[in-house]
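Across the two complexes that follow, subunit A remains constant while its partner is subunit B and subsequently subunit C.
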Partner chain A sequence: MMSMSAIAPEAWVAGGVLFVVLLEALRPFVRDRTLAFAIPASTLLALGLAAMSASFWTAASWGVFFDGGLIVDPLSRLLVVSVSVVALLVVIYSIGDLERHGFGHGEYYALLLSATLGILAIVTGANVLVLFLGIELLSLSLYALVSIDRERVIAAEAAMKYFFLGAIASGILLYGLSLLYGLSGTLSLAMLPKMIAGLGGGDRVLFLFATAFVIVALAFKFGAAPFHMWVPDVYEGSPTPITLLVGTIPELGAIALIMRLLVAGLHPLSAQWMPMVLGVAILSLLVGNLAALAQSNFKRLLAYSAIGHVGFILLGIATGTISGEIAAVYYTIIYVTMTLLAFGILLVLRARGRDVEDLDDLAGLSQIHPWWSLLMLFAMFSLAGIPPFVGFWAKLSILRALLGQGEVWVAVLAVIMAVVGAFYYLRVVKIMYFDRVANQKAMSVPWGIPELILSMNGLALIVLGLVPDALWQLCAWAVRY
Partner chain B sequence: MNPADWIEEGVFWVFGTILVVSAFRVITVRHPVHAALFLVLCFFNTAVLWILAGAEFLGIILILIYVGAVLVLLLFVVMMLDVEVEKLREGFVRYAPLGAVVALILILELVYLFWAHTLGFHGLAAPIHVLARHDNTRALGTELYRRDLYPFELAGMILLVGLIAAILLTLRHRAGIQSQKPSEQVRVRARDRVRLVSPKPPRRGAST
Partner chain C sequence: MASLALWIILAPLMAALVTGLAGSHLGRRLTHMLTIAGVAVSCVLSFWVLLRVLGGARLDAPVYTWMVSGGIPFQIGFLVDPLSALLALVVTFVSLAVHIYSIGYMADDPGDIRFFSYISLFTFAMLLLVLANNFLQLFIGWEGVGLVSYLLIGFWFEKPTATAAALKAFLVNRIGDLGFILGIAMVLHYTGSLAYAAVFARVPDLVGTTVNLGFGWHVQVLTLMGLLLFVGAMGKSAQIPLHVWLPDSMEGPTPISALIHAATMVTAGVYLVARLSPLYIHAPVALSVILVIGSLTAFFMGILGVVATDIKRVIAYSTLSQLGYMMAGLGASAFAAGIFHLVTHAFFKALLFLAAGSVILAMHHEQDMRKMGGLRKYLPVTYATFLVGALALVAFPGFSGYFSKDALIDAVGQSPIAGAAFAYVLLLLSVFVTALYTFRMLFMVFHGTERMDAHTREHLHESPWVVTLPLVMLAVPALAVGWILFHPLLGGSFFASSLATPLGVNPLARFAHLTAWHFFLSAWDAPTFYLMLAGLGVAVYGYLWRPEWPARVAAGAGPLYRMLLQGYGFDALYLRLGAAGSVLLGRGLWKWGDERVIDGMAVNGTASRIGWLGSLVRKLQTGFLYQYAFTMVSALVVLVFWALVRY
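== the complex of A and B ==
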């Protein structure tokens, strides 16, 4: 029965998908209000149970299950809990907006759950086949979600771009993985390093070839430059609740993929792939931060900022040290918390009659919505890496890992790019607090549970910033195992 | 040669000949529906050859999926679209050189393959005769449902997502469309549709 507890998170989420589809099928016979309650409630329940069942894993649960398909270790425990909780928050923040704009039907919840299931499969994947299936499950759900608002041309364009580029990336990944399989004769991520280490000369070149393919595909899925073209379009084109989803949980899946496939599976080749990852990381830092300067659309700005942050995360991986890997996982979790807050506030503002698309739509926000402006300020300061917010510690840990490896020039470049990034984050704050506009209409909407949780999310950035050690220890424990 | 080999040889030649002839007919018959039907014959004979080679699962799958589903779909499309046959034949002369080049490359590859084989290249060994009791279907089933159960279930979820996404992107509820509602048709009662009235004889003089 050990394998039942190992697969429990995936089982709950998969059960959630099926249950939501069943509920949706009852639509002709049940009142809409009943379904509008039952579908989100069962989604939340499935995600909550997934998080709970993973948090009950103890040292006795570690192991590999389903004939090397599924691994339960501290890293999977940390990431399964984070993914489930983040998905839970995404649903809580989005419910109201989805209902108002008519996307609140079962499809959204079913696809959100299946995307989460894909990420869970990646996070706990111990086998290349499972990783690939997880990526496909995640990607296919996201393509459909991006085009959920099918009347909007810009959404259809974003979905098409995402789909075609994503399909090419999947093909490249599959080609790389098939080369790996052909060379090593194993799909298991535990066996792969041993097989690579046992080979010499000519086959190593082929392994390198396969690794390059894998890195290209991973960079695409993570949204790292020069494979970032889809990110701004998808962020801008999707409805805000979908952007919130696309910008958060897949990042956790991407870091899990890198940790499992690159860091663990291709460990013997690390001397060869480190320069490639470093190149992608530096390019992402440059492209993300410099292109963000020129953006006038807020969602595009956050998209380029996402590319810049991915650059930072990949720098941690590129050091090839344990501390760099811990820093990368730590940075990803913190980045996701900050992104949740920023997009959550956009949704709250939308509910109050202020649809933020351009940066200028934020003008004078502090006069009408002082609290939400303050929280947005928290998010921006934290993304910029200003103490005492937690984003500072994330950046610091990456820089520390770089300096530990003697990569002074890369660290200097990263700091310069962080300063460039600070400029546009501060510009958002300046527009909110110092730009004035005439005829502002305030719309007071009573607070609900989403607003309360969002505020706690904002305060968490300060609390984690003041007590950064607990999360760091958790990540260190997860990665070191 | 023992009698069993004779039978096998005979089956191979009979079905192989039909296969080659029908494949040739696929590209030479005038009518696209006939071509599709020859393709069915082609697949059927290929399936027999595969079963003969010991790959009985592939043979069954070929008939079930290609003959049963793909070609039926193709036939429907051909019938619905009303393809203009003459137009399809227009470019024959123009594309013939390209076709010849492709055919030449394929022939060279085949020759190279056989030549490499005679040189003692054993990368492509001939299929060994396995025991009659050996069962591909069972072996695949055990692999899929026992060892690879977890990836198999994940693949099932991917298919479900494809289904949901297709419905999400294409289903539109438009008003005023004449469509069948099977559940209503099943639940209907006689009294909903048939009203029994007792006709009264028209009063004399009231009509006309």
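== the complex of A and C ==
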């Protein structure tokens, strides 16, 4: 019984997937579209409610279950809740747009829930195989989601690229993992460090070899340079609701993967993998921020900005310190909040007849939609790391971790790249507020729940920025355990 | 208690935010009601808190920790003690009166929603400052009131003079704030804390510690700290030589002059010094500086009031002079007397400003006193309340100003601090000057011949009740507050837990057993009474009996008179030295430093180089799948080799 309650979140979501598929089969009989929405929403809400119970957060419910297959600890609790909240927000923000464009079928919800299930498996996985299964479930769902608008060539192209490169990355990961298994004889993440620590010279080289493979695969999943090539194409090619999904939920899975596999599992080799991660991080910072300068497509710009932010997150991991790891988790959660806002606004604007593809489509937005422009300004300022928005604290925490390790030059480079980043974020603000376009027509659409929640999402950036400590303490509690 | 304090500051903040963001949807009436309700709630709660403080309740607690940096917590927290509770009540009460008054005064102004939002925001910032229990929050409130002051001086931003005055106020306060923030940094450095209680506990250990300013010049840490913090107070409280912004701030609407530039914000500096009295009693040199600067401000700014012809400017110079009095009182380490004068001044000066506003309203925004005269029969309520304010200002026995100001002057006379004798003489002379300019104003506006044009005279009538009600609201405390507060504040133990008592001679010792009644009866014994009568006599002679006489005196004084008209030439000096020098320096930095080095090389150079890099990186993204895969695999190979080589 104890074990079943431990996988309650996963079980809920898995049940949700099956139910949606079943319902889709009964489609001719079930005409009510709201039902299709109700299932994922209630599934995810149930997760949220479970999180409300006191036992969810107390040590009584923690432990390792299913013969070392799953682990329930503060980190998994924090990320399970984050993933379900983010998934719920994604559904709420996208629902209207999907309906309007004819993608509001069951398969969207089934794929969304199975992607969530994959991440939950990564988050709670204590075994290399479980992690791999989670990654594959996530990836396969994402490939299908990206191509949900299969009539559009650009979407199909993006999905193909994503799929091929993802397959290569999966192969690399599987190879690395099989090496690890062959060397250590264990699949358990708890046992792995002990086996590595007990090994001598020659085998350690092979371990390093395997570690390099693992890092490449992780960097791919996270969208870090030089394994980032799929990111801009997927962001641009997917319909915006899918971009919203791809840009947010998987990031939480990626940080979980890094925390579990690299930080915990390969801990004894940290002195060796730290420089590799650092290299990937610096490259991501450079590529992401510099390439974003040259973008004229807004979604591509956000794609490169994502790469730059991943660079920041990896910098925290590369310090190899607890405070760096806390900062990385903190940064990821904050980054996801900001990205939800930015893409959510794009969707709200689409509902008001303004389809933003290029940066110029934002021109004069402040005249017509002052509130959404203001929220977009919040998102941009926060992404740029301007106080009092919460993005500032995210960057500051990473920089503090770097300086704590004496990595002054890396910190200086990160600050310079943040300044470069500020340029293109502020350019978005400038276009919204200062560029004028003739004959703008405003389409008045009444507010619904999505608009309300999106506004709260935007205000959260300020509130969290004014009270940065609470979330930090939560992340610290999750990582320190 | 903590939640009470929280609501005191939150009520006006919420009113300001709601009306500021959605005011145009709410409309005027709702905006007025919301902001007034916010301040009224604040005022009632302040009164309640003061009652509880009188009952012995105290609070010194953080509300939340904003962040922890370098082991030092940066917190928002409240200190509720007699000092802050009393001032919170004064601030909210005057603010409430000004809110009500503004309904009438701003009735025809298209921007009055913005105006109400601003004054509520101001009330919030001022309360944040007053109720702070640490330097950080004090600073936030300090900058907050400065910002709103800037916004309100430039409220009529279509007027170039108003924007210039706003800018001037902001820039001059920058100078003060520079000293202030250096002072705060010093406090943090030497005590390791920003919380008042912790800082004050460390102060006695710092006595005797010196800091090397270079060239072997050693200064007492506490002296330097006190002086730097006082520079901040000089900026806010407009002490010589940082006073130049206050007369110009009269460009703002009159209710603002009453609330911000007379009753509350400008006294923030006085509050700061009093609040830090546990620090200042250990820094006698700093106290001497405060004493001398305060008395110089009191005297020389008062004289300017005698030559000014704009009714608001006269009151502005009078405010400067009274602020000088308060500072001098603090400098004499009679902290309670300084705060007492702050409180009475808040009421009677707000009253004078609002009454002047009522006159200006009746005169169709004419502010020149030479075009007024004989108004008392047209504006009876305004006249009566103005008279109360004027008598309080000149310290006529029985009015609130008498109790606070004469006690303050007496304390300066008792003080053993260096410079006290000099200050005492200046303050006594200022009594004469105060009476002269106050009665001159009273006679020029309300008595004598009617000098306005016929059109204005036809339309003269008393202001509506929303204007006169606040006048009466303020006239009552201007009369009564001296009687009520004299003994508890100066003699009793009301401030025992808030203000430090001086280490040596206590200049207020004589008031310990003196009741308000006895002090009132002893008015005949003090020189101040006769100096005030002399000022009254000269004003009666010059402005009622022989109206041609002042012009002859002015002509006779010649260059002296012109110097006074130009405010001793401070503005010209700053323009020549400060502004022209800055412009010269700025031009040099601009032409050479900015255009050549920063723009040419650093900014544009960097930008174009980074832009070029960006386009280069962009080219790497070819869109071909095989290139993507190739990049991935080669990166993997590089990483593997790197791992092996490093091993």
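Going forward, the second predicted complex is superposed on the first by the 456 of 481 C-alpha atoms of A that agree within 3 Å, B and C clash if a C-alpha of one lies under 4 Å from a C-alpha of the other, contacts with A are read in each partner's own complex, and residues count from 1 in each chain.
The rule is short, and it goes like this: contacts are C-beta pairs under 8 Å (C-beta built on N, C-alpha and C of every residue); 3 or more make two chains touch, one makes a residue touch a chain.
This is a predicted model, so every value here is computed, not measured.
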Partner chain(s) touched by A:Pro468 [first = subunit B, second = subunit C, both, neither]: second
Broader residue contact with subunit A after superposition on the shared chain, subunit B or subunit C: C
Partner chain in contact with A:Leu117 - subunit B first, subunit C second, else both or neither: first
Which of subunit B and subunit C A:Ala169 touches, first, second, both or neither: second
First, second, both or neither for A:Phe66, with subunit B first and subunit C second: first
Which of subunit B and subunit C A:Pro9 touches, first, second, both or neither: neither
Contacts of A:Asn127 with subunit B and subunit C, given as first, second, both or neither: first
First (subunit B), second (subunit C), both or neither touched by A:Arg204: second
On subunit A, positions contacted by subunit B and by subunit C: none
Subunit C contact footprint on subunit A (complex, rising order): 160-161, 164-165, 168-169, 172, 204-205, 208-209, 211-213, 215-216, 220, 226-227, 229-230, 232-233, 272, 275-276, 279, 286-287, 290-295, 393, 420, 423, 466-469
Subunit B contact footprint on subunit A (complex, rising order): 7, 14, 17-18, 21, 66-67, 69-70, 107, 110-111, 114, 117, 121, 127, 129-130, 133-134, 136-137, 140-141, 143-144, 147-148, 150
Subunit A-facing residues of subunit C, complex: 64-68, 607, 610-611, 613-618, 620-621, 623, 625, 627-629, 631-633, 635-636, 639-640, 642-644, 646-647
Contacting residues of subunit B [partner subunit A, same complex]: 146-151, 153-155, 157-158, 160-162, 164-165, 167-169
